[in-house]
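Look for chain A in each of the two complexes below; its partner is chain B in the first and chain C in the second.
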Partner chain A sequence: MGLILSLGVGWFVFPQVLYSEKQQPFNFSHPAHVENAGMSCEDCHFFRDDGSYAGYPTLEKCAECHAAPQTDNPDEAKFVAEYVEKGKEVPWLTYQYQPDNVFFSHIAHNAFDCTDCHPDVAKMDKTPTYYQNRLSGYSKQTMKMWQCERCHAENGVSNACFVCHK
Partner chain B sequence: MGVNRRRFIMFVAGAVAGTLATPIPFKLADDSSIWTQNWPWIPRLQYGGIAHVPMISKLGAPAPVNVTTAGGRPCAVTGNAKNPLSQGGMGALAPAEVQLRYGPARIKGPLKKAGDSFSPLSWEEAEALLLEKMKAAKGKVAAVCGDETGTAAEVLSGLVAGVGSSAFCLMPGESHVAARAWNRLMQGKGQPGYDLENADCVLAIGADLFESFGTPVRNAKALAASRPAGADSKTTWIYAGPVRTRTAAVCDQYIPVAPGAGAAFALGLAAQLIQMGAAAEAQGFEAFRALVTSAYAPAKIKDATGVAPEAFAALAKTLASAKRPLVVAGSVMGRGGAAADVVAGLCLNLLLGNLGKPGGLRAIPEIAPVVTGGLTRSQMLKADLVDFLMQVDAGKLPAPEVLLVHEANPAYALPEPETLGKALAKVPFKVSFSPFMDETAAMCDLILPNTLSLERFEDLITPYGSSFASYTMAAPVAAPACDAKSTADVVLGLAKTLGVDLGFATFEDVLAARVAALAESGGFMSDTVMPWQAIADGSAPEGGDLAEGLGTGTPWVSVAQAEQGGLTFPVQVLEKALPGTPDAAFPFSLVPLALENVGSAKVATPPSNLTTIRDDELKASSLCLAMCGQTAAKAGVAGGDLVKVASARGEIMALVDIDEAVMPGAVAAPLGLGHTAFDVYSRGKGANVCKVLTVSAEPVTGLPVWDSSKVKIAKS
Partner chain C sequence: MEFKEFTIKWGMVVDLDKCTGCGACMVACQAENNIAPISKYENFDASNKLRTLTWLLVYKMENGKPFPEHEVAYLPRPCMQCEHPACVPVCPVVATDKNEEGGIVSQIYPRCIGCRYCMAACPYHSRYFNWWDPQFPEGMDKTLTPFTSARPRGVVEKCTFCHHRWNAAKERARKEGVDPMNLPQDWYQPACVSACPAGAITFGDFNNAEHTVGELSKSQYSRRLLAKLHLNPQVYYMSKRPWVLAMLDNYRAGDAHGAEGGQHG
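For the complex of A and B:
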């Protein structure tokens, strides 16, 4: 009985308890921007001239189009009211946040598809739930070091410490 | 089915075995380790675009640099390759520009003296208090400024003049001595400049070219360029002085010259050159020839200079056979030197016939002021701060009612701090604009913290020593990291409320007017042609978009020269250039060394520079006093001894360091240590050498000299 109960708790209950569910500050639809507005991925997610990756677009960039609501969408209204008008950057929850001791260069991994590492949000009309580890504070989707190492090994790239840890 | 002991143990054992077969223990161990690496008080990196923004570093010798920003936040200082004054290099203090923004010595906002401490007040209250005191002073106002290359000095001088005072003094520097020598004694026009880049033989007498003299970054770049990798050296570099300094260490030849004998050495060399046929057309040459050949013949000054006649002959031959020889004379410590030393060096250049020629001595025209009532640099250099304070101390001049101190730390960096400190103490209301809690700020009644260079509009006008006129400008890189304001703007605001018309409302407007005036005055943007190339070609390029170029860190440059008329050999000041007779009470000459990594007259050692101070400069918390074995034997001390170094005006403690790079009879120690204020990283480390510097009056000019103080040494 103890064996069965612990296996049940360990494999089914524990993973549920370990992560809290969080939602993004408001829903963001990638298809609405790509398919309806005709935008490309690089309009918002681009490499700067110095080679660094811009990541999320800044509020200033978003406000170029959303200085005022363009639709009746309540999420857009919330964005304009709570962030654009207040000049406050959106506190997006990052599914793949890496700590400061990891030096990750997007441009060095430019040959891969974004979805090799990131959730395929480009096709999602609703932002996925963010599962936050109650203990470590990281997202459930955060890549672990062994995943980096495996990919490096498979592609013949060095796994020396200084490759990622400066 | 009841629960008995056996069943309970089986349940627990099963639960343990089952748990071990789940992710629980492994996941918890892993997450716990990550949790311990993410304490909330650990700051996180803030990412953003990387940019390299031009700025001007003025913590040490002023030089244009770039600041690397990430997401607009300054995070590192790098060289500015576009600017001929730096060419991608920078001084040892420049990297601290970013770090010191957050340094513990930074003053967070306006402060008012309250007993022995300070209490904060708002800018409105602070400016109102300053206004009240300025009005009450009724023109009895003085200002001390440590930024001789910036337009901010012009603004401050305009205010002082506007309230009816003439007491505006720059902090002492090499340019003071040069102005005294060239403009006042030799009747020369413009600012002396040295075309190191085009010279093929450079003799530095005393001048610590690559550490403290004029434009040390540019000078070092000239040295590097003259020694191309894999090719022959294009220039012979020779250093003459009492200590084999860092400059001497990288020169091709080092000639030990007794302390205080720089002028005599130069005149001995002049005698040798005249004997070889050298002559000059300037007034007074015949008297000069008569003087040097009789009083400074190498054989006669052998003992006074410590240089053998054969060495004079060999050096004269080297200079005479060079195509473009150049002599640079100055003080080892970069300030407080005698005008005679510089006069003798300038006379050598006239004898070598290099005035105005490529690779020679050049007279750089002055840039006209734009602020109403503002002084030109040559006007500023006429006033002598040490002389002024000594007269105030002696009661010969009344103490000002208000003293404004800008970018300067006179309470620390002037000689005889006790004497001059008494003069400062006589001023009823002292105001410091220092961004740091330095010794002067600590004794002031009101502190209005200036922003740092990277937080304000800043400019750089032809630093002393440069062979070309130049103007570099920089806009703020970042907002102030604390409640500080640009002093230039504060002064402009104060002038307005006092009813003094300086012609501008903001410092940005002042700089815009300066740029507009320069656009009308010829010159060119030095983005493709370097000024020394134009000098070598004999061309005078013009053109370029000033506003656009200055925004990218490229300077405006002019290779025009000031016309001379009435240039004179000032024989009278050279008649008494031999070192004085030894003083039995103070038998040793102290040679203070200005080492930029240790600090400057403006800032103490930044935390990042502490590890660059060597064990023979500062050991634990003791200053090291370098001397050769012969000197140590004469003083009766040995290496490692703790000694008291005393002059007629003060004393300090130091550890003896035996170093054969110092001439017999001389002892050397670095400036910049022994702070009693600033921060925990620099306070109480070593001793302030300025405490034993003794001011004496130079023969003929009567102006203060303190770079060759006499001291005695006694084992503690």
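For the complex of A and C:
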């Protein structure tokens, strides 16, 4: 009985206690932008001229279309009221957020599909829940060092410290 | 201990006859690498040189003669990124290593346990220990950049030849379709090099014939600091003044090893 309780705590209770669940500031639907509005991925997620990756679009970019609500969607209304009108950047939660001392070059990994590492949000109408490790503060979904190292080793790429660390 | 040979070997040639000792390189380095001036526990009093962090430090050298023969030279000292670094084999946790292309000695702060063996091993005093968590006077925190990571209390840090600038240059190369292993010389320059108003520091790849450093390092006026230790720094110093060159090997009149001789096994 004690063994079963211990296993239960170790396998089911602790992993749930370890991670806190967070939601994005408001729901964002990729299909609504791609299929309904006819946008392409590169309209928002592009490489800058110096080769760095732009990541999320800026508020300015979003406000080009969303200066005022275009639909009666409550999430869009929230976005316009709380961020566009106040001129505040959206504090998106990044599922693949890496620690401060990691350098990751998107353009060096351009041969891979985005979804090899990122959740396939392009097909999701609802933004997935973000799980934050209560101890480390990092995202549960983020890529761990052993995953980076394994892929580098398998592809014959250097695993020297300064390849990924800064 | 054997160290790897690399296709790219980044290095510097500093012309000591051009250096005016203005210190712009030091300031550029501190700003570029988010180096805190000193902790508030020291009352932000950076005159305590046992506590300050100076990845690049300018030393003053004098020939010791009275006026009018008196002469002064200034020597900027970054990390030498030695070909045979003394700091790497002594690290018990492999927090510092020389294993990446380019030959820059890496330092991984979260891995460092702060034992400071590397500081004891480095004859150039290029390594610094964080006695405090970094703190910045009000307003100065706005100048911080995301390009170098923060170092907490209790770890060792050092010059990395502004390694993040190389990463940025490689990204630019990939964008523009240039071979990242064969960058034009001016694409990757550390902050100190860009900042030097006298143009005293030349930076590039010793193994790339199109870069000027290889030629400069072979000049008869080029020396490496403490060459007799055979750590083979990737930083060269140039001067046409014999007393300056003699001093680079820590020569003092009456020194048993002398300027030229002396071999420590």
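Keep this in mind: the second predicted complex is superposed on the first by the 165 of 166 C-alpha atoms of A that agree within 3 Å, B and C clash if a C-alpha of one lies under 4 Å from a C-alpha of the other, contacts with A are read in each partner's own complex, and residues count from 1 in each chain.
One rule holds for everything that comes next: a contact is a pair of C-beta atoms (placed from the backbone, for glycine too) under 8 Å apart; a residue touches a chain by one contact, two chains touch by 3 or more.
Just so it is clear, the structure is predicted and the values come from calculations on it, not from any experiment.
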item: Fit or clash - chain C, chain B, common chain A; value: clash
item: Partner chain in contact with A:108 - chain B first, chain C second, else both or neither; value: second
item: Which superposed partner A:47 touches (first chain B, second chain C, both, neither); value: second
item: Chain C versus chain B, contacts on chain A by residue; value: B
item: Partner chain in contact with A:7 - chain B first, chain C second, else both or neither; value: first
item: Touching partner for A:135 - first (chain B), second (chain C), both, neither; value: first
item: Chain B versus chain C as contact partner of A:17, first or second or both or neither; value: neither
item: Partner chain in contact with A:100 - chain B first, chain C second, else both or neither; value: both
item: Chain B versus chain C as contact partner of A:161, first or second or both or neither; value: second
item: On chain A, the residue positions that both chain B and chain C contact, one per complex; value: 49-50, 52, 99-101
item: Residue ranges of chain C touching chain A (in the complex, touch as defined); value: 97, 99-102, 104, 106, 108-110, 146-150, 160, 163-164, 167-168, 170-176
item: Interface residues, chain B side, partner chain A - complex; value: 10-19, 21-24, 27-28, 31-32, 34-35, 37-38, 44-45, 47-51
item: In the complex, chain A residues that touch chain C; value: 47, 49-52, 99-101, 103, 105, 107-108, 110, 158, 160-163, 165-166
item: Of chain A, residues touching chain B in the complex; value: 1-7, 9-11, 14-15, 18, 48-50, 52, 54-55, 99-101, 133, 135-138
